[in-house]
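Both of the next two complexes hold subunit A, though its partner changes from subunit B to subunit C.
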Partner chain A sequence: VSTQSTGTRLSNAEIQYIVDGVEQDFRSDGRGAEDYRQIELETRILPNTNGSARCKLGKTEVLVGVKAEVVDVDVHAPHIGKLVITADCSAVASPKFVGKGSEVLENDLSNVLSFLYNSTNTIRLKDLCIVKGESCWQLHVDVLFVQCGGNLFDVASIALKAALYNTTLPVVKVSGEGIEMEMEVSDDPYHVWKLDVSNCPICITLYQIGGGFAVDPSEEEVACSEGFVHIGVQPNGDMSSMEKAGAGNIDPTTLLEMVEVGVRVGEEIHKQLNKQLDAEKSLAKL
Partner chain B sequence: YQRRVRAPHKRTRVIASQDEDLEKHIVTPGDVITQNLDFMKSHGTMLGNDNISSTVAGAIHKVDKLVSVRSVSSRYRGEVGDIVVGRVTEVQQKKWKVDCGSRLDCQLQLSSVYLPGNVLRRKNLNDELMMREYFAEGDLICAEVSEVGNLDGMLKIHMRTHEKYGKLPEGVLIKVPSVLIKRSKLHFHRLPCNATVILGSNGFVWVGPHFVPDQPIEVVSMTLRETIARLVNVIKALVAYGVQLFDTIILTGYDISLKYKVKELLKSEVMEHIAQESYEHSQHQTL
Partner chain C sequence: TKAQGSVYIEQGQTKIVAAVYGPKEVLKREDFSLKGKVMCEFKYMPFSRANTYSEPRQTFEEKVISKTIAEAMEGVIILSKFPKSEVLISIQMIQDDGGTLSLAMTAASVALIDAKIEVRDLVIGCTIRFYNGGRILVDPTAEEEHTKTSEGAGFHLAVMPSLSQVTALKQAGKIEQAQARECIEACWEGCLRIATAVKKLLEETLGEQPG
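Take a look at the complex of A and B:
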């Protein structure tokens, strides 16, 4: 039973019905094992950020804000910028998140989302470098859960990609060398550049339920599940990360099948996500 | 090809409340209802400073000199004779504790339960030790409210006859605001499409195959699974738009939904369409 489950106990009869449904590719609400519910997406909603997005799936609602600041480079990596992802579960989402109740879940989320962007081909951190060896951009990505209804990782990753997609960074003019070096950050709100997010991954979580597996489970389905796997899928079908979590073991053959399905579903979601983001961009003046 | 990622759907207001009232005024806690102290105060009202004010958020109901405020969502408050669907939470000495979505768990006495084989007899020590064999923690049951506690409002439930009360087999449970379950004579509906819908007055709605308690049911076929899923989605659509549930409106919604695939019923526009048309259809029928 994972940290995500609400602890609802189901009767054996209900569990049997749900498991049979998943194994026959026809779940309690008519979805197939590979079907996501409706995902609602809005971007550029937080005016005091460099980029933002809001994503809603079922009962889960997430806000992501990206803020950029100029910092000194890391001594061990002087030619790249920094990406810091932190997750926060608001007490508004659930009474069990009051005080320190959400610490474990927040750590899980931050780690999984950071791990998603760990590979070098997901986001070009070189682009964030301003002066090699001196200064770079540090992007603070804050993921705030306003409502928790399961499938947190997937929703957060989609909102994260959407927020990065519309993140704008001011152009920095560097003049001079050595001690006389001057950095001028442009004031002009239209003199900006955008990150290349064409390779950014999203997380597809597959839950093992009985002899089958499914994406985007309802709360009842999570209560019937054993282990689950987070797969970081990039738009071109590459896998950027994989993590197995939850209590319960997964058969190696099932794992290979899950990866195949995860990548296929991920590619499809990427296509639709890009379509929606492009559609939104065409509405905006910028 | 299903459109999964989209912009937020613009939600319309709740379609309508089902009651014909004299005044449909909405209040929030603390709002003044009337300065006239002649009125008799009922649920949801209190005596404020020289006025009658509301204690809950909801609509005012005035019947002659009686004024009350009915809140939109409140915990189920049980009445004798209500049929409820509940989940067993504890097995105690000689009784089970059942979660019905009210303020306190309900009590189901061992003495008010039919044993397998349609037997109602005095329970002995052996039966007491075997309680978990009948209902274990997590099981869904259907029962009737026999008593409402005076002081704390705790409900006592029992299983009066054998044909419909008892443990529920394979199926789907949906939790719905209890205020949306229309009070009627029948809550246990054997629908012509081969599925059973139990509209618990406490807001717990169960959809599943036809069954007789304690008798094994056959394996649920794919067609029946589709029917059950369709009914579940129709009920969720009606509830999302605040439409009260009763058997005819669910069947109307079911018929309207037949032109969509089951999983299409999860889309916001389709849900709105089904709720709107079912409600209008039911209004036409009553006229």
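Take a look at the complex of A and C:
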């Protein structure tokens, strides 16, 4: 039973039923191994943030808020901004998350989501630099899980991309040099700029269940899985990251198949996501 | 040493010590289970890396590596053989010159065998660095690993050589799907070559074939 499951218990017969279903590409709810459930997405829902999104998939619901602040630049990387992604499992989602119960899962989630954005191919941190060697924007991305029903990573990554898409940062005017340098952060709510999220990846997680594998599992399916692979898929089909996790070994041929399916599904989701985000943008002119 | 099993492994300039304690009884009552548990603690020694000083407490990065190794080992150790117990794998990185995650996997696996804990197979790890343009460098040094991520990708793979199964995989940086296959194959080959050397050593020291 992987760490993602919040305590689902299944009988041996149920496990066999689910495993057989996945292997024959016909799961218990009628989906094929490559089918995602319907995704609901809402953006700009939190007025106190620079960008936000809510994403619901099956029984999993995630809220993402992006807040930006001006900070000192990192000594080792004076020309780029910072992106900090933290995940939080609300106690509302499950009684197991009260107090420190969710620490392991939160670390897991934060790590996987941060790893997704590990390379400069995903988001141009250089854009976040205000004054090289001095100040930069630090984006705090907080991912809150309101409900957990399997497939947490994928949902979070979709909501993350949507939140970054509508993140607006105020324009900063820099005048003077050296000690007399002054930074003026614009107060005007319309004097803003947006990040370039055209290369932002989403995480497609493929779970190995029995002899086959599936995307977007329900909680019961997660409990039957052994080992899963996170693939960070970018809109053009490149992979920004790949990680195998979970206890259980994967056959190399299965692994290559998983990669192929993951990239294919990822590209499709990106297309749909971008279409919806663009449509939403055209509805509400800032 | 007081550990049930231990190993010191060097690959080029990368040096790792791994120790295995267990199976130990789990004292907390809520942790009762029919299968054993695997805990792993990975730590960079303060003097191990060139430009950074490692703090005494475990950093986020180290926790992540610990978890990856623990999960990989969970798939290899026959956990049903020791219920209500746990195995602790402790890995110290003495010198980091590239290929840390993979070498740590290999070290953990050999230490487990030295501790006579029943495992399905050896686990061997191999790192490659993939450069834009198709060039693959097997077992990169720290200098080669730290080129900018926009110019290539790092690939770690850990496999069970006899059973032909992948226990762990980590890729950072951008690669295309077709290139992923090449990377996996290059890593696999690397792992098999290391495997023959490790098996020979185990035969000599322990006088028995693993698996």
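Convention: the second predicted complex is superposed on the first by the 285 of 286 C-alpha atoms of A that agree within 3 Å, B and C clash if a C-alpha of one lies under 4 Å from a C-alpha of the other, contacts with A are read in each partner's own complex, and residues count from 1 in each chain.
What we mean here is this: a contact is a pair of C-beta atoms (placed from the backbone, for glycine too) under 8 Å apart; a residue touches a chain by one contact, two chains touch by 3 or more.
These numbers were taken from a predicted model, which means no experiment stands behind them.
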Query raised in the report: Who does A:P252 touch here: subunit B (first), subunit C (second), both, or neither?
Result: second
Query raised in the report: When the two structures are overlaid on chain A, which partner does A:T120 contact: first (subunit B), second (subunit C), both, or neither?
Result: second
**Report entry** Touching partner for A:R31 - first (subunit B), second (subunit C), both, neither
**Finding:** first
Report task. Please work out whether A:L83 is in contact with subunit B alone, subunit C alone, both, or neither, and reply first, second, both or neither. Result -> neither
Query - First, second, both or neither for A:C203, with subunit B first and subunit C second - result: neither
Report task. Please indicate which partner A:I39 is in contact with in the superposed arrangement: first for subunit B, second for subunit C, both, or neither. Result -> first
Query raised in the report: Of the partners subunit B and subunit C, which touch A:Q276 in the superposed model: first, second, both, neither?
Result: first
Query raised in the report: Can you list the residues of subunit A that touch subunit B in one structure and subunit C in the other?
Result: none
Report summary line: Per the touch rule, the subunit A residues reaching subunit B in their complex are 9-14, 16-17, 20-21, 24, 26-32, 35-42, 56, 158, 268-269, 272-273, 275-276, 279-280
Requested in this report: Using the touch definition up top, name the residues of subunit C that touch subunit A in the complex.
Outcome: 60, 63-64, 67-68, 71, 74-76, 148-150, 153, 159-160, 163-177, 180-181, 184, 188
Requested in this report: Sort out for me which residues of subunit A touch subunit C in the complex.
Outcome: 107-108, 111, 115, 118-121, 226-227, 229, 234, 237-252, 255-256, 259-260, 263
Query raised in the report: Tell me, which parts of subunit B touch subunit A in their complex?
Result: 2-9, 87, 89, 137-140, 167-173, 208, 220, 222, 225-226, 228-230, 232-233, 261-263, 265-268
